[in-house]
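Look for chain A in each of the two complexes below; its partner is chain B in the first and chain C in the second.
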Partner chain A sequence: MIRLIWKRLLQLIPTVLIVLSVTFVITRIIPGNPASVLAGPEADPRLIAELEAKMGLDKSIPEQFLIYVSDIFKGDFGTSLNYNEPVFQLILSRIPKTLMITFTGLIVALILGTLLGTVSALRQNSWIDHFCTVFSLLGASLPVFWIGIMSIFLFSVKLGWLPTMGMGSIQNGLWDILSHMLLPCLCLSLAPMATFARTTRSSMLDTVNNDYIRALRARGLKERKVIWKHAFKNALPPIISVLGVQLGICFSGAILTENIFSWPGMGTMISTAINTRDYALIQGAILTLAVVNVAVSLIMDIIYMLINPKIKI
Partner chain B sequence: MKKMLSVVLALAMMLSLMAGCTPSTPAQVDADPTQPPAAGAVNEQEVVGSAAEIKNEAVDGGTLTLSMDKAPTSLDPLKISGYNAFVLTTQMGDPLVAHDASGSGEYLPSLATKWEVSKDGLQWVFQLRDDVHFQKGTYQDGRLMTAEDVAYSINRNKKHVNNTLSFVDEVKATGENEVTFYLNRPTATLLYELTLAYYMIVPKEEVEGWGDDFGMHFCSTGPFMLESHEIDQQTVLVRNENYWGERPHLDKVIFKVIQDGDQRVNALLTGEIDIALSLPTDSLERVVNSENLDLISLNKVQMNSIAFSLENGPLTDPKVREALILATDRQELVDGAFAAGTAAVTKLPLCSNSWLYSEELEGKVPDFDPEKAKAVLAESAYPDGFDITLSYASSVERDRVGVILQQQWKKYLNVNVILDGTETATYNDLVHTGNGELYMGGLTASTSDPHFSLGYAFDSAKAHASYNPGPYINEKADELIYKALATTDHSERAAIYGELLDLVMADYPGIWFADQFTFWGVRKGVHMEDFDNWFLICNGFNYNAWKEN
Partner chain C sequence: MEEKLLEISGLRTYFFTKSGVAKAVDGVSFDMTQGETLGVVGESGCGKSVMSASIIRLLASKSGKIVDGTVTFNGTDVSKLSREELRKLRGSDVAMIFQDPMTTLDPVFKVSDQMIEMLQAHRNIDRKTAAKECIQALADVGIPDPHKRFDSYPFELSGGMCQRVAIAMAILARPKLIIADEPTTALDVTMQAQILKLLKDLQEKYGTSILIITHNLGVVWQICDNVMVMYAGKVVEKANVRELYSNPKHPYTWGLMDSMPSLNDTPKEPLSTIDGIPPDLRLVGKGCNFRARCRYAKQCCEDTEPEMVEVSDGHFVACHFQSKTTNLVKGEENRNDG
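Presenting the complex of A and B:
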């Protein structure tokens, strides 16, 4: 186990390096440059050249890359042009806000999705099974932004139950925060919920039809115990691996959701950074997303092994 | 059979889940089928009137919430860039002289009580109020503002890149309550420049105390002071209890960041915000149809133009440029691209709400004439047409303009237009580097003074900036532009601008085709009067917004 963790941590190094160089090159290739954004459209080209020199953008790209990487080894991820704050600090302050909605959304999705999947596996071909099928299909195919806009229209504009945007403030009580979280979480949870439902359903169907389940039933074990203690536990591994993938997707998917709901997390920050060509911030944020993804998949592998020691990775 | 039934049932269930969202939309549209899209049916007079008309006595208290599409990164007058930064900083400071939102072109006293200009136009002396205190900050406790502070603030900005006072050599405190501006050439637009947020007066202690962070802890003399500035969330301003002018009615003003235009309308409909700035034109109908909202047409115009590159490609041939102007049907562009009532046809490189704009001047620009266009192109180096790229920052309207123009020029001149609609940062970079052929853009005229549209568009000092992307460089034109600035007399200036137009239009520098209006959504019960470009919520003497309880 320890060896596995070490091995994976070592694998992290090339991953980070690749992500670093790819984002570095891509940010420089896309047209538009931070100096011209900072100076504004009305600015004089001489002023822009001056700013470029100040920002070190007049140097060649390999030279800029070397400076950037050596700064990172010193623990300096650069300063965001937009927010005028060190990138590292900025990302640290934003991650919790994004995790707030992604984790909540994912937990809701996990609970409801597996429940729905289990029930529909046990009642195969019942109405609830068909509901599950249609729901999974819609959940997987409806884009997040559409669900976002529609849910705002329904719950905020038409019914007036929930606020349309923002994060609220804890000073106004817990409900203020919760009510602002509800719609973004709903939005983020639909797609993974559908995936969980599908995966649970098929995994449960496989398990439930096994001989040992029949044997357990024959021994007169309570049905509830058979399902939840024996069948569900054995159906878990595929769900766990889907969970890992979904966490990554959810975290990146938050970019769209946060923009729709003006949620002040990583997502709104990344889109602002891209629109303003805030190189240091784009690189820092994408690096963070990559590290989060790698870390999540490592954690998932460990959980996998703990649940089922037979599995060797 | 049973299986079929359950599938149908499940489907029906799913549909009923969605149903909540859909039926209301068509119902809303059906409610008034006679209504043309968007603002067409809006009676501007009536709308503006209802907001300005004061139904009952102004009451103190309450919070006014406005939306902005993105938060400025700095509120320091030195570093402000973009509309939102201007608007925010303006609410917290006072200019030396104030603009008159009624559009008279006159300037009103604010921090300066009166001013005088020397005969040669090179010295402007301003008398200042003696009762102005700074807002309480971290490094000073709300001390009296002095003439030295005014000189400091303006000189400070002069050293910076944002500086628009290049014609001012120095500002000096020349008396206890008197400052003098020393100009290097007579300039009629000094007073206009002084109304801008760049020239708000700031206390030296705060600027030096906070250093680079002053932009997050802005402090000035205005009716509202900064409480918090959270980028991506909101900026909160609170009443300055020690304000020199009339006490502001509102306790608080909050600017919330909402990036998405339709979301701004949603928040307005639910009452989360009181005023939505700059509505997307396609959502105006939702505001018009709501009984809780007023649609306000602002005294602010976004010009739309296509500047020809005078450096690259076929456009270096003046015959080609002339042909393209002649082959452009402006009316069709405006009718096809902009929602009804949200834009008007123009022909001049001059903002249509300017005092100078007239039909007579429009005569200096060739009319739409496809036959003549063909004949002119036949005389050029490209008689059989050519390929050309039209670059622009993509928006709903500009995408449509591009497509219509593509058809027009193909039909009349056999010119193939390649559309290159990108996002703003890419387009701006293209303008700055001068690598385009046709630049579709246009400036937002923040004042009716012709210098800021006509003057900027052909000034060689603005070459490769968004004002003059061509760039159009002509010494004679530069001379006229500065000559027009040297006098404040409208008829004298009009004559010079007429000469300038004759000069530049003979070179066919571009096509000016539409002025777009700006709309705000305002909730009923909000009483605000200044709907100018840099609007003021409160300014101490003639504007003081309030909200019904």
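Presenting the complex of A and C:
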């Protein structure tokens, strides 16, 4: 276990370096730079050059990269031009909001998806099973932005039940936040829910035909226990693998979804940063996403080991 | 007359598959008394497992249905029990031991979890007391160092050890009947003997009845009081063990006995086997199911199904040419009219 954590932490170093250099190069390749954005579209080239010199953009790209990396090792991620705040603090204030909808969406997807999958495995060929099949297909194929726009159209514009954008404020009560969260989370959870339902269904179908399930029934256990304790735990490994993948997908899905619903998290911040060529912020944010992804897969590995008694910790 | 523990009459269990109806159990009747050991023999696929699972209505597949017959256990009709009553019957009054010990324990829970849980399913008992009883049961079935095994996962135990755990669980709730479906088939020879002896010892200790399924007649001679021979979903012969051993009547039983290895066989001599294979259970119809493989078959075996008749006290046979008056002799030509 400890060894695994160390191994993962070591793997983190090349990952970070690669992500850093790729984003660094890409941001420099996009036409336009912070100086030109700051100076405005019809600015005097001399002003732009002056700004560039001030920002260190007149140096060669490898030189800029070295300066950037050495700053990071000093704990300095630079300052956002657009927000005029340290990148590190901006990310710290935004990331909880992104994680909030990511995890809520994922948990909703996990609970409803496994529930749907289990029930449809137990009642093969019933209406709920057919519903599950259709739902898995749709959920996996409809794009998030389409579902997002359609749900805004239906629930906010047509029915007027839910707010269209923003996060609300806790000062207006918990419901204000929840009602703002509802659509983004729902929209975010649909695709993973479909995957969970499909995975659970097939894993459960494999499991309930095992001899030990019949043996448990022969021992007079309650059906509820046979299914939800024994069969479910045995059916769990593929669900956990999917969970790891889906957490990554959900996180990147959140970035997209935030832009649809103007949710003030990392996603909206990254869009703004890209539009304003806010180099330091783009790099910092992408780096954060990479680190989060590595952390997620580490957590998944640990969970995997915990539920499998054959792996000694 | 002795009190009947189990009475089965006219039991039929069919599997409704896409390719047809398989009559896995087709009109089986028998009784068991308290403390009796009944052996069920027959080649594989002839319905032994399905028959025994039908007693507690626990079929492996949803396509299987008990279509007819009654199972009376201890005076109550099992088919009339509610779900909850049936659940309570399973494991507490009737326990089951399966063929492959490595797959009958849930691989992801410890032995302790599974044993305690089973006890708690039938009795209102706290974990600590339950654990004590479970460890005692493990010791009773001859598991060395029961505390350690109790705290193990099934994959940490050998096959023989798993089967002992399964037996310990079976006796945990002091059942009146243990159904053992080929409990030793998956084990090596020494382990087989130990497990059989264990079952016999436990039976003596607790007075349990045992319904043991096997395709090994040696097991039957060793531990059973009575024996029942099944072929293609039907019982073809039923008798006291001594009677069947010395005076088998059904041509299928003769075949089974000939195909059993015995100590005085010379190793080079090939074992005689019954020619052919059991019929496809989806195709069995009228007539004697054994006719295609029976060297004594006559026209009547094609046309009508032989009925079960009592040839001598407690010895029943289903063959057209075996009754109190007619007597087919093994190896001799069948001179009766068909």
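Simple rule for what comes next: the second predicted complex is superposed on the first by the 310 of 313 C-alpha atoms of A that agree within 3 Å, B and C clash if a C-alpha of one lies under 4 Å from a C-alpha of the other, contacts with A are read in each partner's own complex, and residues count from 1 in each chain.
Note that a contact is a pair of C-beta atoms (placed from the backbone, for glycine too) under 8 Å apart; a residue touches a chain by one contact, two chains touch by 3 or more.
From a predicted model like this one, the values you see are computed outputs, not experimental measurements.
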Query = Aligned on chain A, chain B and chain C: do they clash or fit?
reply = fit
Task = In the overlay, answer first, second, both or neither for which of chain B and chain C A:A218 touches.
result = second
Message = Taking the superposition on A as described, I'd like to know which of chain B and chain C A:N84 touches: first, second, both or neither.
response = first
Key: Winner by number of chain A residues touched, once chain B and chain C are compared   = B
Message = Tell me the angle subtended at the Cα centre of chain A by the Cα centres of chain B and chain C, rounded to the nearest 10 °.
response = 150
Request  = Check whether A:N234 is in contact with chain B, with chain C, with both or with neither, and answer first, second, both or neither.
outcome  = second
Key: Touched partner set for A:K158, first chain B, second chain C, both or neither   = first
Message = For A:N210 in the superposed arrangement: first (chain B), second (chain C), both or neither?
response = second
Query = What is the minimum C-alpha distance, in Å, between chain B and chain C after the two complexes are superposed on chain A?
reply = 14
Remark   = Shared chain A footprint, chain B vs chain C, residue numbers none
Query = Which chain A residues qualify as touching chain C in the complex?
reply = 209-212, 214-223, 225, 230, 233-234, 307-310
Inquiry  = If we count contacts the way the header does, which residues on chain A are in touch with chain B in the complex?
reply    = 30-33, 36-45, 47-48, 50-51, 81-84, 125-127, 130-131, 133-135, 138, 149-154, 156-158, 160, 163-167, 259-260, 262, 264, 268-269, 271-272, 275-277
Task = Within their complex, state which residues of chain C touch chain A.
result = 56, 58, 60, 83, 87-92, 95-96, 98, 100, 103-110, 117-118, 121-122, 153, 155, 166, 169, 173
Query = Across the complex, what residues on chain B touch chain A?
reply = 3, 6-7, 9-11, 13-14, 18, 20-21, 24, 70, 73-74, 81-82, 161, 212, 215-216, 230-234, 256-260, 262-263, 266-267, 269-270, 272, 422-433, 441, 443, 461-467
